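Pasting the structures here.
In the two complexes below, chain A is the common chain; its partner is chain B in one and chain C in the other.
Then we have the complex of A and B:
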């Protein structure tokens, strides 16, 4: 009985002691997440100034971040916040800064350039935002000269749009069994190619909507061994454009982690399609598409929204072909900024270095989503 | 002694006749029409219980033997094989009863496939009709069903088919003209209509023109039609691809009023191609 009481006393005393220690001498990370400033260091170097700005953006301490900028007189705090989080609702609006990286590019006694990469955590994964930041010396400390991207201002205008959309009326639950429903759209896989990669087997392909109506599409693949037993079944998930207008083609990419192509005897492809209410707009032009060779191989270009409607989320899918026109790979990237009418937005999608040499041509498509806002 | 024997035999016969009269029996038609009134005649004397047993339905009546049992109209609506049971205290008598579907059609279930198909497809449309009476019983006796497929251009395909085991079916061709077709099945004054949409085939001879306006190139297709001359439906995607030194621009543009048009950046020496699905159009080289 005495020993138990002693043990209880020791545990209580230790707990109280740790609480006191943690309160009086907290670690810097805990202070930062509690709203303190201990993660911030003196801006005695260009990198430290950039690092402090990154921490403030991560903590969404916009006031401190704005007041630390060297060129803050050129824009308001609200404009700074919108420049970082987006002027219109987009993937960035609903994201938080996961982490950031700083890479010194150039430095002198009075100024320096650093590459500032902000990795934003969004619902579709981490999206990087890289900016070259100029840092200037101000007395005994350094301040970031924020590379403000001014809000695009469009001249007042009316953009006429002949709105074309499809609505679907399906049979109701009380209908007689003989009352026919409308048939689903006809879609066809026009290309399919399995590839062995380090991470497993990847099935690439292209899907065509052969019908005259829009289709919601998806593709599922099942790998079979020689004895016809299934190795696994996977779908393209978001590596496909799910909405296909009539005669539109989308690439798809299906991953089978840890599978080996040598085990595979056959592949069963199952395209799925169903009628869906859809709009023919907006039209997105993809301008200046370029295949950049290794190192830093990438598919780059600009998206230009040709309609009058703001596009909140854009998903770019690139189909890469070799010289013979065979499918080599499918790359994709979400654009974390809203597409404003007539305003180019750049994209850069990395291409795996080992495949970049094989790529000779490409075809890019864009899937878009709008919240319904109009300018 | 003889008189006594005759008396005993006579009494025995009287008792037997009395018992036979009390046992009773019934007279049942072999078949009745669904939903119609009918009766079952009983004989004998005394009380009994009558059951009419079918799939999913049992009728029960208390009867006074010697009187008929009446069933009003609508008592038995489901066609099928029934069993009539007359139960007395010591005996049970059973007889079959078939309830037949009404010979006049009351409803037609019509399956037409597909709801949408390209023009000029041989035997591309199928229709199957099932004839039911007003109580929902399949009429299995042969019956003539008339199928008619008509489009807005005035073309009519018509054919009469006799049902087999309650069903009649047919295959028909889609015409060369796009539009909404009415597919009608008719039997005994009852008809059912389905809509078949005939849509254009793949675009044929896709052709575009280009006109430079400042830094932009206005690209526009001629009205896009299929190989039968039907205009392609609005919303069909036409892809414009402009290839120039080290770069490429593309735009997926939906047809509106049969034409796709887009403004793309003008690049000297660029090659512009147009395609829709797997159909390629002409090529233009910018000077």
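Then we have the complex of A and C:
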């Protein structure tokens, strides 16, 4: 072989080899774009079958995911998709699967159970969904027996709605929101104290709307050193219910990442309020509220939508108190399923293990959002 | 050397002026239609140009990221758009500069190809450059003005580099150096990577040729290479000094942002289509010839190696080569520019292949090549419509008007769901945004610590993008951020729970304006990062001045006939340089 031809052969062979290497053992960036997919994966074990299903859900390759299920004859592909993404518009509908984890629970020659934890990336943060799935052997490979959750069916009914509503009339459509010729509703911080946590300083508290009008509220805190220089200013962001009806109380939690309580000499709290239109509807009843002790300490309960409208997103804020009634911590959780009228939806909000033993009582509030509507 | 002109028109070189006319016929209508405005980055480049138009000597731009320095991006192409915008307006000024780059590419490919092959093949390579998919892809889909402007200047500099290295030609030294500096003032990355991919093969060619004709000692060639390298290095350091200062003081600590060009094109065939099939087009058919012919001819081997490395890098994450050779830069650079450079390095081979085919198959080959070239170019141009960067065609004028009235511009804003129109909006409004498209110019920690690009497209960057969005919303008070313009209701729930409320609607309620109450008016931020006045003077003077100087020197100092030959500018009928280059 001529030297030139040999060189051409070497370069072409090297190119092909690089492509093969890059495809069989792709670099992390390429794996991420391929949705975590790698070549030469087969469902030869229960974990591999669950992993393949997770990758297909991540890629939203619903056809492939559905056809890999052992119990697919019991439901349609559309029902499977709706089971995963929600039957009604909710946070889950507009989310993507960020990553998933698989933990084997039990295995035999013919079947196995694995814990399937799916972390959904939503606009309000990552929301986990844990399911125990049954995996069965089918010949030389394994298939997931998908645990379908039955679609809630509501009987035809009439729900009378009687609720208070406050409307605010502005000067004109060109007015800036918040530019009003009236004072903001009277609000007051009824409790506040800072806590040192591993991630930094956390300021907890409760805010009361003392007025007879609804209020949009927010709370800002500024930490000061002894020399009165500011360490930082933060606000409660979404760890607060921004809409308070008359006499309502909301907890708030303000985080100062990387700050140290030993540096803090004083804290300036700035509650803000302004008058807004509001209604008491939808009313969300909280049922079976319960504080579960450690291990696996959590605040659990059920949300029941008492109105006749679908609530697309619900945010549960739990205020935890000790025996003396002092505020210990604020926990929160978004519910990633829509709340249908009169249909209970469970929630389970973890409580930090080190605080769980101090907690003896709690109070829970729910903030709701419906697509196309306002808070 | 055979100096007789072949009578057969299918054997003669195509005059460069004819090649330029072909380029004009293909690209002028497309540019007159402002087709690049649909691309990813065109509005971003026009936005930069508009800043230079208003503040030529101040690279500090307050309209994005709450304030950032445009000295983080070489300014020349933007300054040229700004300079001619009073005549053409910003959009057409951009098109004029882009057209100039396309025409320069034709000349550059011709001159560069003459280093490796004869005039006939070089002229065919020049014609091919008009139809190269990668060029049209970058111009009409990616909107990479700087990349497509720097490469032609660089290609035009390389024959001067060869003449200097090979013959010690002083004029070539001056002209080559000025062109290199000008290219760096357009796009620094082209110079950094071009040095390896383009200049190294030319340096190797000068070494291989040193014993032909006028002999030059190895030491002399090496000394000349060091001399021009040092001079250009120092000059680029001075001309772009504000850039280097910004880079040293505020190194790019942006968390890597995913880009599809780093995917594996086999595991993700949709990206393979966009970043391999479209840019390469029919050139894929020429790949076996490039490897075989380049290997068989000793003097073409440096070019082959340069091509091969660029080709592998252009494959993105399909091979591990990019991540190994580039390290962290692999996660920062987009890889389609390597495919672009690889196609340019392939063009001399394409010219040779086309000449061979036409000599053998006559008009049938001409017809076949024209069909393939047309399809390649057409696919790349059409890609901006087939896979549009921003499918929604709407105007941001009402948003700009809203921001510019009633003191709304006292506060900062950003958009959600506006795609690549945020730079157009930033250009039209007096208000300052916390968002922007130039990721390396970002200084706000809320944006830099997450793997999301523009906030307006947060959801497309998964958890990283949404974390950045939440982080900036948390600090709305700090940045005087009061307005969010929403075209994508995906984000409504977050805004609502974070305490924002809809206050107005635009464009038949397709755009909702959300506001947060209690936010103080915007104050200047990032003030320490603002380049001092002397840097602004340098930035406004040296890069643009270097291009003016290069134009003057090229126009006023004529080439002697021998220098033309030395610089690869002579037009030999059929063999000429080819006899030298392909003798092996």
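Keep in mind that, in the parts below, the second predicted complex is superposed on the first by the 318 of 375 C-alpha atoms of A that agree within 3 Å, B and C clash if a C-alpha of one lies under 4 Å from a C-alpha of the other, contacts with A are read in each partner's own complex, and residues count from 1 in each chain.
Note that a contact is a pair of C-beta atoms (placed from the backbone, for glycine too) under 8 Å apart; a residue touches a chain by one contact, two chains touch by 3 or more.
In this text, all values refer to a predicted model and were calculated from it rather than measured experimentally.
A.B. asks: What is the contact status of A:123 with respect to chain B (first) and chain C (second): first, second, both, or neither?
C.D. replies: It touches chain C, and chain B stays clear.
A.B. asks: More chain A residues touched by chain B or by chain C?
C.D. replies: After superposition, C is the partner touching more of chain A.
A.B. asks: Considering only touches as defined above, state whether A:315 meets chain B (first), chain C (second), both or neither.
C.D. replies: second
A.B. asks: Counting only touches as set out at the top, which of chain B and chain C does A:287 meet: first, second, both, neither?
C.D. replies: In the superposed model, A:287 contacts chain B only, not chain C.
A.B. asks: Could you say whether A:190 touches chain B, chain C, both of them, or neither, answering first, second, both or neither?
C.D. replies: first
A.B. asks: Could you list which residues of chain A make contact with chain B in one structure and with chain C in the other?
C.D. replies: 176-178
A.B. asks: Note which residues of chain B are touching chain A in the complex, please.
C.D. replies: These residues of chain B touch chain A: 109-116, 130, 192, 194, 199-200, 203, 233-238, 246-254, 256-257, 262-265, 276-278.
A.B. asks: Residues of chain C touching chain A in their complex?
C.D. replies: Listed in rising order, the residues are 258, 260, 262-264, 266-268, 271, 288, 291-292, 294-297, 301, 304, 308, 311-312, 315-321, 323, 330-331, 406, 459, 462-463, 466, 469-470, 473-474, 477-478, 489-494, 496-499, 501-504, 515, 517-518.
A.B. asks: Within their complex, state which residues of chain A touch chain C.
C.D. replies: 2, 4-8, 11-12, 15, 18-19, 21-23, 25-27, 29-34, 37-39, 91, 94, 96, 98, 121-126, 173-174, 176-178, 216, 218, 220, 233-235, 237-238, 240, 242, 272, 274, 276, 312-313, 315, 367, 369, 371-372, 374-375
A.B. asks: Touching chain B in the complex: which residues of chain A?
C.D. replies: 162, 164, 166, 176-178, 180-183, 190, 208, 210-214, 245-249, 280-281, 283-290, 306, 362-366
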